[in-house]
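Two complexes follow with chain A in common, the first pairing it with chain B and the second with chain C.
Here is the complex of A and B:
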């Protein structure tokens, strides 16, 4: 059986007045049923556009898939008619948006909104869809679901709205659930609940999840694989434990180091990555990360590093990822911008 | 979320008899009632005294217009029947018990003509606005949703309509279509759509950016469904407000066109036509002018006040 989703060297570019924005530039990954992929990166790293490309929700123009392919169960989504794509959306591939405060329609009762995908895709009667919606609300942990279904979004709290959004995404029992920063807009305590809910759902339904986040902590417990993106390009891909415990790219290491941790007796300050994410119109030459990289050499400025397999199933796009001594620095516990590091403290 | 507090007796039940009054316990720190948005809007509207006054006056005028045949001819006299007697003793009588608003030079009862004139005015107002809204909603929606060349084409056409003086355009149009009641509301309606299209377009452009529109697309909804189920209901509030106010404008337009002799033709009663007839007697028989003038003033004002109240009532932002 083919994997539930294959993204093959996807290039999604935006043709704007100011120039070509290479929002997604050569992303490749496969997703098996029941698996969770964490897509991690800063704002503007192309992670959301990757998700929207899979949903075929990128407005075209200005967006355009320049090359590459997206296959759902072996079938190219890009080659499909709009009608076939629509039949997938919300049915086989569902999406949860970032801000639950704005992603529910204020004029409809919650139950009606959850019932909508069932009405659209499963051709259910109003009464059946409503009953199913109430059941879904109950499943995502909304108390008194029957009464709550009759409420309007403004009567729900943020966490409850995100639960309602999840219920809506789950309605048709999708094969793939794409969650675009589903917890960013929520309180920390609620965040944990929502993540727990998603893990539980996955256990019960065997859907694959693509979890997009800028917070490695969010995907730490959930993801089977991690894809780290920078400037529209994948910089590291591998099994979650490998990426966490043996990062092969300085950027990944920088992300890990900038996480607050309770389990390590820390020396004090966090180690943020210096500088800002690059503009996608004028990417730095060579390796896009080199201006911010503490280990950058002259090759990094001139040569674009390819994404290569370093260990079994663990890919990195750092020129020096193959050098064990170089990589060892990442895991020795030193601060990324520590005084000993070549970049020095600024 | 900030919510105003009110006594349970104040809560209007949902218009659809729905579950507006289900009391919910304390859930995740939230206490409140599941009310409908329409009920909320109605509650806010009721607080606006001027809007309520406008609404009541509109209801009265509508009732008068609908029931006119049942009482007006018997109590007040026929609105079109002319006093043809040689002495014409019915002509230009001041207000009296027999003729509460007086009579005009042909001996017709002014009150009766004002009552029947309400029919013409309301019909023109509602039908003209219906035409405007129908054209304006479709064109505005296309312009906003598809954008690009459609937006340019529709909005530039609207600009062309705006470029001509309204009355002049209307008179020209009626000159082409022919005089008469039907062509009055067609002309007013056809000329009014650009405003509706503009208002609706900008409203949709604002709504389109909302994440729930993306969410609807991500759910697999078709373009038609997104427009009709998700964008339309959220962007319709300004149209309701604008259309309500425009009914007043259309009534005024009919009065103006009839005044100019391009609208309703004698002997049919119309407020504008009555004003036109009254010009010659402005000082000798002022009642000829005062009563139809008052009718126009109060009715137009009522629609504007109601529209104003609706704007506040339908504005969700004020509530939060």
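Here is the complex of A and C:
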């Protein structure tokens, strides 16, 4: 059986007045049923555009898939007719957005919005769809679901709105659930509730989850595999433990080192990554990370590193990832810092 | 220092008391709506508290007027959360940074420019950036200018209201290190307001945990994080996932039920009793627990503070 989703060397570029924005530039990954993939990166790294491309929700123009393919159960989504794509969207592939206030329609009752995908995709009657919506609300932990279904989004709290969004995404029992920063706008105690809910749902439905986030804690909690993105490109992919405990790309290592932790007693200066994230219009030559990389060499400036498999199922796009001596530097405790990042242990 | 504010019937901050010693960093941590930002704003009188007092060194801040108020505001500066909203887009970095000097009538034009250039270097930017505009820079660079502006008057205390929460992870660490460096260099006192428990732990000497306008736990960072006494603090710590998959899998979480109640109509008694995993009735719903000392310099406002087993998983 083919994997539930394959993204194959996807290039999604935006053609703007200021130039071509290579928002997604060569992303490749596969997703199996029941798996959770964590997509990590900073703002502008292309993680959200990747998700929107899978959903076919990128406006074209200005966006355009320059090359690559996205396959759902072996079938190319890009080659499909608009009508077939629509039959997948919200049905087999559903999405939860970051901000539940702007992604719910303020003038429709919650119940009606959750019933909508059922009406559209499952051809249910109004009454059946409404009853199903109430049941879904109950499943995602909303008390007095019957009454709550008649409420409008503004009557819900942030956490409840996100639960309603999840109920809507789950309505048709999707194979893939794409969650784009689903807990970023929520408080930590509510975040814990939502993450718990997602894990429970996955257990019951065996759907695959793509979890897009900048929070490495959330990824550590949820993900089986991790894709790290930088400047529109994947820089590392592997099983969660491998990426956390044996990162093969200096950027991944830098991210992990720059985090303050609430579970360790170390109060030493943090190890930031120097410099600023790049502009996607004028990406640095060669490896996009080279201006911020403490280990960069002349090759890094001139040659774009390909994403290659270093160990079994663990990919990195660093020129030197295959060199064990080079990788050992990451773990020797030396601080990853440059001249314009004040405060590091240099 | 006691603050309390009664807005249009919202008790955003209710009977909050704490002190900050010179050179120290006190963290205010809590979820949205707990009153941490309101507390910060009351201190520098961006908001006027309904009752209570704020003491800065020898003066009662709420009674200050005219020149003395201006002098106080020179000594206590503010860094805002959003580096996009807190810098005027129509002013250059030089204009933004010299404005405090102009208001306080310090220096000539030349001297001010010199000081701006020096300060840009201190915060890790280049002196040539003085004629540039905020839109030309990224969030992290703008936040550096926000910090530079707060430093221009050589304040003794800075209130940092979520200074890193709008920034990317790799940039956060840069700004946190910068703030720590500046503290050492200029002997600054910080009141550090944030919702991120890891950031607070890293930068603060003492921590106050707030819930619905009240301080529920207050103590040294080690005490609050390693031996949290209030069930809310324990739940918060257990709710934050740690970036360490194996450890995270072993941690047990206290999942709180429901949402934070509205501060317009807060629960009676202990405000946390509606979500508390160990609440006992009727005492918790009737009597408000005082912020009592549980160990030296460590206070918690819970009737059962000492009895509650400590959630050991998050604690090394």
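Going forward, the second predicted complex is superposed on the first by the 327 of 346 C-alpha atoms of A that agree within 3 Å, B and C clash if a C-alpha of one lies under 4 Å from a C-alpha of the other, contacts with A are read in each partner's own complex, and residues count from 1 in each chain.
Convention: contacts are C-beta pairs under 8 Å (C-beta built on N, C-alpha and C of every residue); 3 or more make two chains touch, one makes a residue touch a chain.
All figures in this text were calculated on a predicted structure; none of them were measured in a lab.
Contact with chain C, but none with chain B, is seen for A:271 once the two complexes are overlaid on the shared chain. Looking at the shared chain after the overlay, A:189 reaches chain C, while chain B stays out of its contact range.
In the superposition on chain A, A:157 makes contact with both chain B and chain C.
When both complexes are overlaid on chain A, the residue A:219 reaches chain C alone and has no touch with chain B.
In the superposition on chain A, the chain among chain B and chain C reaching more residues of chain A is C.
By the touch criterion stated above, A:36 is placed in contact with neither chain B nor chain C.
By the touch criterion stated above, A:259 is placed in contact with chain C alone, chain B being left untouched.
Touch criterion met: A:104 reaches chain B, while chain C stays clear of it.
Chain A uses residues 157, 159-160 to touch chain B in one structure and chain C in the other. Per the touch definition, chain C reaches chain A in the complex via residues 31-32, 123-124, 138, 140-141, 168-174, 176-178, 180-181, 195-203, 222, 225-226, 235-248, 253, 255-256, 259-260, 275, 314-316. On the chain B side of its complex with chain A, the touching residues are 1, 18-19, 22, 24-25, 27-30, 32, 34-37, 210-212, 214-222, 225, 229-230, 233-234, 316, 320. Only residues 42-43, 157-160, 187-193, 195-196, 214-221, 223, 240-241, 244-245, 254-256, 258-265, 267, 269-274, 276-277, 292, 340-344 of chain A touch chain C when the two sit together in their complex. Considering their complex, residues 55, 57, 86-91, 94-95, 97-99, 102-108, 116-117, 120-121, 143-144, 147-148, 150-152, 154-157, 159-160, 165, 168 of chain A touch chain B.
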